[in-house]
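Two complexes, one shared chain (chain A), two partners (chain B, chain C).
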Partner chain A sequence: MSDPTVRGVDLLHDEAAAALSARTRWRWPEFAFWAAAAASFFLLPDQYLLLNEAAIIGLFALSLDLVLGYAGIISLGHAAFFGAGAYTAGILAKAGYGDPLLGLAAAAVVAGGLGFITSFLVLRGSDLTRLMVTLSVSLVLYELANRLVWLTGGADGLQGMVVAPLLGWLEFDIFGRVAYGYSLAVLFVLFLVARRVMGAPFGLSVRAVKGNALRAAAIGVPVNARLVAIYSFAACYAGVAGGLLAETTQFVSLDVIAFHRSADVMLTLVLGGVGYLYGGLIGALVFKLAQGWLSDLTPEYWQFWIGLVFVLLVVAGRERVFAWPLRLFGRGRR
Partner chain B sequence: MLTILFDGVAYGMILFVLAVGLAVTLGVMNVINLAHGAFAMAGGYIGVVLVNRLGVPFLAALPLAALGTAAIGVVLERTLYRRVYRQSHLDQVLFTIGLVFMASAGVSWALGAQQVFITLPEFLRGRFVVAGVSMGAYRLLVIAICAVLALGLQGMLTRTRFGSRLRAAVDDPVVARGMGINVSAIFTATFALGSGLAGLGGALGAEILGLDPNFPLKFMVYFLIVVTVGGGASISGPFAAALLLGVADVAGKYYLPSIGAFVIYSVMLVVLILRPQGLFAPRSAR
Partner chain C sequence: MIAVLETVALERRFGGLVATSKVGLRLERGARHALIGPNGAGKTTLINLLTGVLAPSGGRILLEGADITAVRADRRVRLGLVRTFQINQLFAEFTVIETVALAVARRHGRDGGFWRRLAGDRAVITESVAILERFGLADAMAARVGTLPYGRQRLLEIATAVACGPRVLLLDEPAAGVPEAERDGILAGVAALPEDVTVLLIEHDMDLVFRFATRISVLVNGAILTEGTPAEIAADPRVRAVYLGGAHD
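For the complex of A and B:
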């Protein structure tokens, strides 16, 4: 009785749905990655400090991936949100509200709010304009943090943070055991959320905007609303990463919002590959290890080698270099 | 008051010479070159080594610094930059930041991380007072050189064959190539000229701006401001923007030391939002 053309459309619809959900299926390399991350907590007790930092930078780079890899916005000022989060958590802890999770929530809200406000500035303009706008937002915030000495401690950094035990009973220890477990858990939860969001129709429409904003608008994607949403969402993530750094190191300095942090996180992300969520995490690990190894080898000059890696990477062509992890994690283009 | 204006103008002139090469690569060739400051730093250090270590007279060291930097520019353009012209802006950002990191680390390895100064000859150290304005001889020389350069550039762009070829290559590279203009040679020459000017600016400005291995990153923002605010399509746009920035920066640091930098970044943000194509660019620039 049913109309064959309608059934055909249904079939197409099912096929499309199946293809889209196949993209979001978990694959074995992903399980392996998180199993290795969990194992590192039990097997590498003397690397906690390094791993903690890698997890935080990884979360930060994941946030940049949402902006850069998914929405295609080149940001040279992502540290603005990282710094906003770090200072929020730090100032709260100094004022006596030292509960870590409360600090993270506040960091997410403040950074996200800042992201929402500034997102309207990156809606228009070319890559260069966006780059300059993001850069100048972070510079303005840097100057603010530098000048508001009564609030941020200025160039001396924010001293006197008292971070309460995690969940009321897990005291932060000097070996970074609780810190790393905490950061890793937060990273994992936020990663799951990001993976879900970017696999959902929302994430697909963001990718469509990156691919071609005009065509995306033509098929009914509200381009500006999507960009505002993804930018604010990513800013929340960066804020949480900043909050984590503040809480686990119990110190905040201007370093969290400086330009080199924005540049480093971009390099970190690119080192791991852009646009498949794991790039930031892998890049952070590689970056931290390389930094440790190179600065042992040639203290002070390790930046030279990092720079060389990027020049070579670009000259050789990033697409070719990153073909294999993209395939492995199942988000390669077809 | 007038002294501040004078210093500001000198500062702005230096910024112009430093940034005008970037206006070409960025505004005209549409290549995001964050490593422009590295060329300026190269020129500055060439000047320092020539004057302080080899005893070359200051005035002779300036053209040598420009030539040396232009040579570096040609080599890099031919071997590396050429490859990224057609790549995405993200790749250009990464590539040039990579170059900056290498240049900074390389310089601090070779010459040390501390700030360096060029030893000025005796006749440039004095100050004299004209009509109540105290002027440093060195800054006067800077203004003179930069003004001549600006006029020369403007003349070259509008009056010479090279200038009209460059404008043609910029307006439409495909058609220009069809007309028998060697576009890639023009771009190489322009790139060399731009980096040579940056090198000259670096050597000339080392005394005013301060020179250390972090120079490229520290002044990257200023160069970008000059180009984005001035617009890349002409000489006069970046020139006006550089003067404005120079005077505003010097005056800001003098009168409002606590919020000087803050004001400059905020103003730039406002300009970018209201006129993304630049304050002085004609509406139909591209």
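For the complex of A and C:
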């Protein structure tokens, strides 16, 4: 316990700073991942539609990862926010406000507001009650979208969306070139923001709440405020994903808010792994590729094969099958 | 003397069971106060009431004269009332430095930042490193908490509370489960706290209590039986009767 030299203290400070930034340091697989994503835009023109959908579902699954992987809130109704975003962008475009970025901003605000209001329902209770509450909220919204025909088009879907050119000059084309570039760029930017925020003290305190809510409160972290904040933040992301789908397909139907969306996004995320941000993106890509491949093979029964793959994955142990992306993207540090 | 922490007729019932019965406890500024009592006396219940984990059925809690009975647990921490747990409550997935740095950042009101990282926060790092050194944990700062041996987790449990900058520190059996030889190390970091920090120690290890405390309260069946200096408590026949079961008469 002798007085450490100034040099010794400096070394300890550097060590502390290094240890604190270990979780947020960029690793080469991350660069490779985004380089491959950028390359896909130039090299795979005939896959634009599929890749566009994968990017959107990836963003949606990333949103669920913030809620489930980082905050530990299990949700079986995340499509509520996806749907809210899709309808917001769609209704605006139909009403003549077709600017894509304006649509996304509005989708984020509406879905985020909905997330904020409903977050108070998931504060208390066990996983089971959270499952029921999130599911119920999405079912209520589904019925609302179904009934408010004048606003949403009901079961026929929202007809007559006119989406303006991106940034005023990039027309959305039928091959999905602009659509995919747009979705990928939005995904990338929002991923960077999520990565930054979850690596900042806010993200650390959210993970503290998930790790041990009792202790988090005992060091002064306002547990409920953190849960409300992360749930609303993630809802914004889901809303943007929904908005992207509406704008790039120029159509919104009840499908965007249906139960199977919530279930699919959960499967997608679990497939890729929770709690390291890339799980949703990888899961979405694998899911979409498998879906495309299987539906080519057996157009009628592809869902059977997807289901079978999932059952096998669970039986074989997801952690074992997907151990490599988790290691590559640094989940070992968690 | 000023009472830093005071309870007035504090009561907690679980159904028909009275776990805390009209407890009037007074901690003076800078006190090294111990709370002892046989198993089931309601010591942990009392700590849970003081820190806001449990709501009392009656009575009041005053922190520096202000009524905090209805104040939320995390807000009490921000007012300077900090505790440790009898059973380690740590973030198993965090590293040691992350745990302490989050607590330090919280005290500076920087635990909710959306952008600036702790790795670049010089003030937080300086303080965190100093606390880890004080508790002999500096060499383990990059280790995952869940991988630490039990004794070191116990140290981190207390270091984390100290990182919150307590004005009143409640230690719930800090030496529980720690081998005899390591017990002194547990309280060494606490002894280095500034003198105006008030410490309430709940402990079974009588050696530790009598070495540490300048004042002792005895809790029996949820009520304060007596209070006094260590010498008075050691000489009190009632304490011997209830606490030692009369075996030493």
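FYI, the second predicted complex is superposed on the first by the 313 of 334 C-alpha atoms of A that agree within 3 Å, B and C clash if a C-alpha of one lies under 4 Å from a C-alpha of the other, contacts with A are read in each partner's own complex, and residues count from 1 in each chain.
One rule holds in what follows: a contact is a pair of C-beta atoms (placed from the backbone, for glycine too) under 8 Å apart; a residue touches a chain by one contact, two chains touch by 3 or more.
Note that the structure is a prediction, hence the values are computed from the model and not measured.
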First, second, both or neither for A:Ala200, with chain B first and chain C second: second
Touched partner set for A:Arg147, first chain B, second chain C, both or neither: first
First (chain B), second (chain C), both or neither touched by A:Ile230: neither
Chain A positions touched by chain B in one structure and by chain C in the second: none
Residue ranges of chain A touching chain B (in the complex, touch as defined): 68, 74, 76, 121, 124-129, 131-133, 135-137, 139-140, 143-144, 147, 259-260, 263, 266-267, 270, 274, 300-304, 306-311, 313-315, 318
Contact footprint of chain C on chain A as seen in their complex: 4, 9, 12-13, 15-24, 196-197, 199-202, 204-205, 207-208, 211-212, 214-223, 226, 229, 334
Parts of chain C lying in touch with chain A, wherever the complex brings them together: 51, 53, 72-75, 77-78, 82-83, 85, 89-95, 97-98, 101-103, 105-107, 110-120, 122, 125-126, 128-129, 133, 138, 141-142, 160-161, 163-164
Residues of chain B touching chain A in the complex: 26, 32, 80, 83-84, 87, 89-95, 97-106, 108-109, 113, 217, 221, 224, 228, 258-259, 261-262, 265-266, 268-269, 272-273, 276
